Amino acid sequence: MESIKDRFIRIRKYSEALVKPIITEDFSVQPVAFVSPPKWHLAHITWFWEQFVLLVYKNGYKVYNDDFSYLFNSYYNNIGKRVFRPNRGLMTRPSVAEVFAYRAYVDEQMNELLSQPVSHEALQIIEIGINHEEQHQELLAYDIKFILGHQPTFPVYADRFTLKPITAPQKFIPVSEGIYEIGSDGKSFCFDNELGKHKVYINEFEIAANPVSNGEYLEFINAGGYSNFNYWHDDGWHWVNNNKITAPLYWHLIEGKWHEYDLHGLQELNLNEPVKHISFYEAFAFAEWKGMRLPTEFEWEVASAHFQWGQLWEWTNSAYLPYPGFNKAPGALGEYNGKFMVNTMVMRGASVVTPLNHSRNTYRNFFHPDMRWMYGGIRLVK
Amino acid sequence: MESIKDRFIRIRKYSEALVKPIITEDFSVQPVAFVSPPKWHLAHITWFWEQFVLLVYKNGYKVYNDDFSYLFNSYYNNIGKRVFRPNRGLMTRPSVAEVFAYRAYVDEQMNELLSQPVSHEALQIIEIGINHEEQHQELLAYDIKFILGHQPTFPVYADRFTLKPITAPQKFIPVSEGIYEIGSDGKSFCFDNELGKHKVYINEFEIAANPVSNGEYLEFINAGGYSNFNYWHDDGWHWVNNNKITAPLYWHLIEGKWHEYDLHGLQELNLNEPVKHISFYEAFAFAEWKGMRLPTEFEWEVASAHFQWGQLWEWTNSAYLPYPGFNKAPGALGEYNGKFMVNTMVMRGASVVTPLNHSRNTYRNFFHPDMRWMYGGIRLVK
Amino acid sequence: MESIKDRFIRIRKYSEALVKPIITEDFSVQPVAFVSPPKWHLAHITWFWEQFVLLVYKNGYKVYNDDFSYLFNSYYNNIGKRVFRPNRGLMTRPSVAEVFAYRAYVDEQMNELLSQPVSHEALQIIEIGINHEEQHQELLAYDIKFILGHQPTFPVYADRFTLKPITAPQKFIPVSEGIYEIGSDGKSFCFDNELGKHKVYINEFEIAANPVSNGEYLEFINAGGYSNFNYWHDDGWHWVNNNKITAPLYWHLIEGKWHEYDLHGLQELNLNEPVKHISFYEAFAFAEWKGMRLPTEFEWEVASAHFQWGQLWEWTNSAYLPYPGFNKAPGALGEYNGKFMVNTMVMRGASVVTPLNHSRNTYRNFFHPDMRWMYGGIRLVK
Amino acid sequence: MESIKDRFIRIRKYSEALVKPIITEDFSVQPVAFVSPPKWHLAHITWFWEQFVLLVYKNGYKVYNDDFSYLFNSYYNNIGKRVFRPNRGLMTRPSVAEVFAYRAYVDEQMNELLSQPVSHEALQIIEIGINHEEQHQELLAYDIKFILGHQPTFPVYADRFTLKPITAPQKFIPVSEGIYEIGSDGKSFCFDNELGKHKVYINEFEIAANPVSNGEYLEFINAGGYSNFNYWHDDGWHWVNNNKITAPLYWHLIEGKWHEYDLHGLQELNLNEPVKHISFYEAFAFAEWKGMRLPTEFEWEVASAHFQWGQLWEWTNSAYLPYPGFNKAPGALGEYNGKFMVNTMVMRGASVVTPLNHSRNTYRNFFHPDMRWMYGGIRLVK
């Protein structure tokens, strides 16, 4: 089995591999408040190691730069001041080179720490740190795509992270009524929001074996789906109109033909690929138009053994709420999940940009219902 | 038993009784987007009868004024254009007198209709109409309070709608684990969102017999509850800071003493009354501070037989989502509930301004988590 | 000659005559921040008499209601707190009736005061008070028009305040180069901003005898004037696009025909009337399109003896700035004019809603360049 | 005398010298809408040469990259689409390196063009191009300072552009009443807004020999200048309160001591240096507090022979308006000045970051009254 040290090194290298294809100029911008500059991600996940592992578990650890705690804290209000989120894109300093130097320093220190036996408590935080860095790797992919996808010249990132087209015809898998157990038993790593394995009573339902394709979504568009309020939530309808939404993010109608910007460049729309980069509002409206609905997160978890998943996060019609017995961790790490349990909807599954081994069927991802820059799609229930 | 005609007349009269204490000037203003002018309510509920009952079921019915359909539609997008909500407060015309004339005309026509036997289908719509008017009666009370409560002179409405102080000491009622049936069986009137009686698995819990009092809430304030982000949702923390919230709505600190504006005027804060006019964010933060939590709507419904309720709507930690098998009604009435099932939280119970007989323990009220102008309070679970 | 007492009574009565045609509901709304509720005007101008005359010059004067000083102060920061301007429309109390009672009380007290000889100093303040009330009478007309003109039903105010059509053909009046004297010598009443009669050197120019007509303005619209940035200031172009401006305020294209809402109702556009309710931005763009320009306020003053004016205020291309030697009065009255001398443009002349005897050719009116609800038009220079 | 070619090369090199001290990451950000990324400036001034000189006067000129015309147009609406100003900071591509390559290409082409005799007409455009590039050099300095000055770490740019302290005691220079000639006769280069030498009648006044110092401005702050509305324009007072302004831009109160960020780093405030980075609103309020006033632009021009100027642009109390006979150039170059002649105030003089030889006493600079990031100060008149 991979040692914790080897695993740490592998994860850290992967973060840097992810930014190889971009240029220095791409590292510091923040086109919208919810997108963070890639430089910020690289530094923030490094700061996390420094703050929660090295400062606590490594004797005599010397902080790399006192300012960085202020600059690269994200939302941990418990750890002093932080740079207000929409202002991250103003930070041209420290330079990309200096952030890499910071990473190297912290990696070396971690290396030293991990060359010795570490306590169980430390191992638990390191496990969280690894999962935290993997989460930011996924966000890095979203944010890089957003930054490149908003250049007037649509630069190519790399020929990676492509989705497999849907080849099998759609079919619906029946699941029978009854009591099911939901959540993680905590034997392998999971976040606090998955804990509290508990019973849920579920009525019978049928769930689609395939996600919705670009072709099917295009039918919704062509049927006037974006201009018929009957399919939309009230908040969704305001969102569509205030933002003049007419298609998924990254779709462009060029001389009468739909194109999609993807990390491998601007291409003609592939009708057989799963539709992606849609908001919860759009997923819901599509389902309404189709006369079906989205699964709850419980239905999804129960049925997940019966279909393929992992190309795209899948919107559920479940609000992100605590499981019975949910308890926040004390201190800064307790801010991780619980405080987002309002106004957000659960996504289940994983996506092509999810790091390897960072997925499981109890994983509860969550976003505000208007977010689209993540790799998210639709699976229907009837 | 009260005939449908007598019931109709009684409900219609009550709407007018509610506005007796206010003056013509109070009828047309809209201080904020979510508050509607009282005149608008009176006309809108009248338009509902015209649109959904008289035009459909009364032969040769002549519309009172063609413009009114446009002016007094609320959110029924299916029925043509409507006045954009934040602009309702600009409508000085028609006058209050003309709105009363409109009411008289429609009442007379309804009277005629109800003096004959009516079809079962019509009766169902009339039942909805009555419940719709009762809902607006409750909103009328909220809106009148908001309008008067924002006058620099704090005028008295009437010596009505006062809350009973809490006299019994707090105790917690245990409920045992198991499968429970939730929702209405539809045998007596309910809204579509209550239908679909279904099984829910609930873990054991204990629920407070009394709501939280002003005195307890004041402790939270004095303990710095509004300035410690650890108690708050992330969205709630932004809400507190962006709006500089430091106390429930209608609380005023005057020369060092807390006062509360109520419909019977500005008074010194009664520490024994249940705390009211708080947002979901505040209810949640209070519970966090207390080391407890809010009930889910299912827990509330199951436990409701064991405590007194009905003075204040009670925040639950359940997002407002469809029950299994939820189906929107076709047409305009289908817009009634389903389209609000995102970004809103469920309140259960009833309040002192809820019309008589308009409450039941399956009733699902819902509001965005930042709303405070309704009569809402807190019941804790541990 | 009219005594000061008679003049006072006449002016006060005229304010009340102006609001005769409107209904109670019209008195309290504030559709946009720059429009004040008619009730507020009636009370504010009354408060002015109380604050600056009665309290100072009438022995033992008893204030009608202490709250009113707070409620009806406008922008006199020196006199304590005031209701923040955009919130005036929330004030349903005091009622219209009470405001009229307040007026009656103050009028009676003024009557008493003016039945005795008054000091020269008091007379000067009374003169300002009369002119102040007359200014608000003009604003009352603007605001009433705005309130009625934004009712979906376009109610008629009265068959008054109509503009005379232009009958004479356009001609241009030459004015020769030289030194001219500008401003008031202060022998008859004027505001502080007109004082400081001073020499200005003016180059020769020719000014139009007639204002621009609706017909001419329509040509500008039909020539695409609103969509060609070349005619517009940069700020004006943003204003046009942000507000989707395509015609003067109160113009409505109904079934292919241009109509104009006026105080006598919605009518088909009269091509021969002077164009009105346009912003400075529009006046400037029109002149650019025409290959001409707007006069400076100095040119206007010098030329005013040679043409008819008084139906509409006329935009000049002069920013509102102090005359040489301009001095603010000490105290609250000093806030009257000087503090608006930035970002505003001068209008000269008078309008059909200007009270009789409230006009002179040295009068400097001023507005932000995007304002349109006043009676303003265009006179060209070449 | 310097040949046009040598001058062109010198100016172009200076633009690149200006950005030597900054790093790649600094080139692409846009912290606020009115600040442009340095990369954008470098490309835009290059595009100007391509668009207005090479494409017109160089036979067979081949555009470097078709996209650049779209990307680097600034406000010339006449030349096709342009990147909406607040989005310039999203453009990470083209890279800084590519922009330098673009510059090199255009420089080479210009070199070729200028190695031949050029027409008088071309020379005139080249003169404009040089002055245009010089203007952007000044803006580059402002924008670089803004970007660096908003880094939490306050990086040093270089030990340049420092202001000389004021050593001489203040004295006031009298100017006598009479007719003066204002504006440029056009014999040497000037912008269109300076043309139209014309007579102006000026009253006698006295103007300060020295600008206002940091020390004097600090007295204003300590006297409560920012919290007394009597000194402020109405718009200025709103600006102060909405933006919570309490000191000039780049001033920081650190542990009780005032510091100022300057291009040579964060330093303790030098009380003898002229105060800089203040808005028109602040300049005006300071003068009011002092019981004096700002000069008009005419007074400034007439008096400028009698005092030292050129360290800071100086606010005048003149709105930026056309001189008699002002004519916009036809086509895109006509957009240069005229369209900003509303809502802006004139500044006269020059600053330490103004390129050599780019100053003259007829120069009319202009900014909206809330702008502070330029090098601007105060000279008083009494």
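Labels A, B, C and D are assigned to the chains in the order they are written; within every chain, residues are numbered from 1.
Quick note on the criterion: contacts are C-beta pairs under 8 Å (C-beta built on N, C-alpha and C of every residue); 3 or more make two chains touch, one makes a residue touch a chain.
Given the structure is predicted, the values throughout are model-derived calculations rather than measurements.
> Which number of steps is the smallest that gets you from chain A over to chain C via touching chains?
So the least number of steps between the two chains is 2.
> Greatest Cα-centroid separation from chain A: which chain?
The chain lying farthest from chain A is C.
> List the centre-to-centre spacing of chain A and chain B in whole Å, with centres computed as mean CA coordinates.
Centre-to-centre distance between chain A and chain B: 37 Å.
> Rounded to a whole Å, what is the gap between the Cα centroids of chain B and chain D?
57
> Taking the mean of the C-alpha atoms as each chain's centre, how many Å separate chain A from chain D?
Distance between chain centres, rounded to whole Å: 45 Å.
> Drawing the touching chains as a network, do you get a line, a ring, a star, a complete graph or other?
Chain contacts: single closed ring, each chain with exactly two partners.
> Quick check: in the complex, which residue numbers of chain D touch chain C?
75, 77-78, 179, 198-201, 203, 229-230, 232-237, 280-281, 284, 293, 317-319, 321-322, 324-325, 334-335, 339-343, 345, 369
> Show me the residue ranges of chain B that touch chain C in the complex, using the header's touch definition.
23-29, 31, 39, 67, 70-71, 83, 89-96, 147, 150-153, 155
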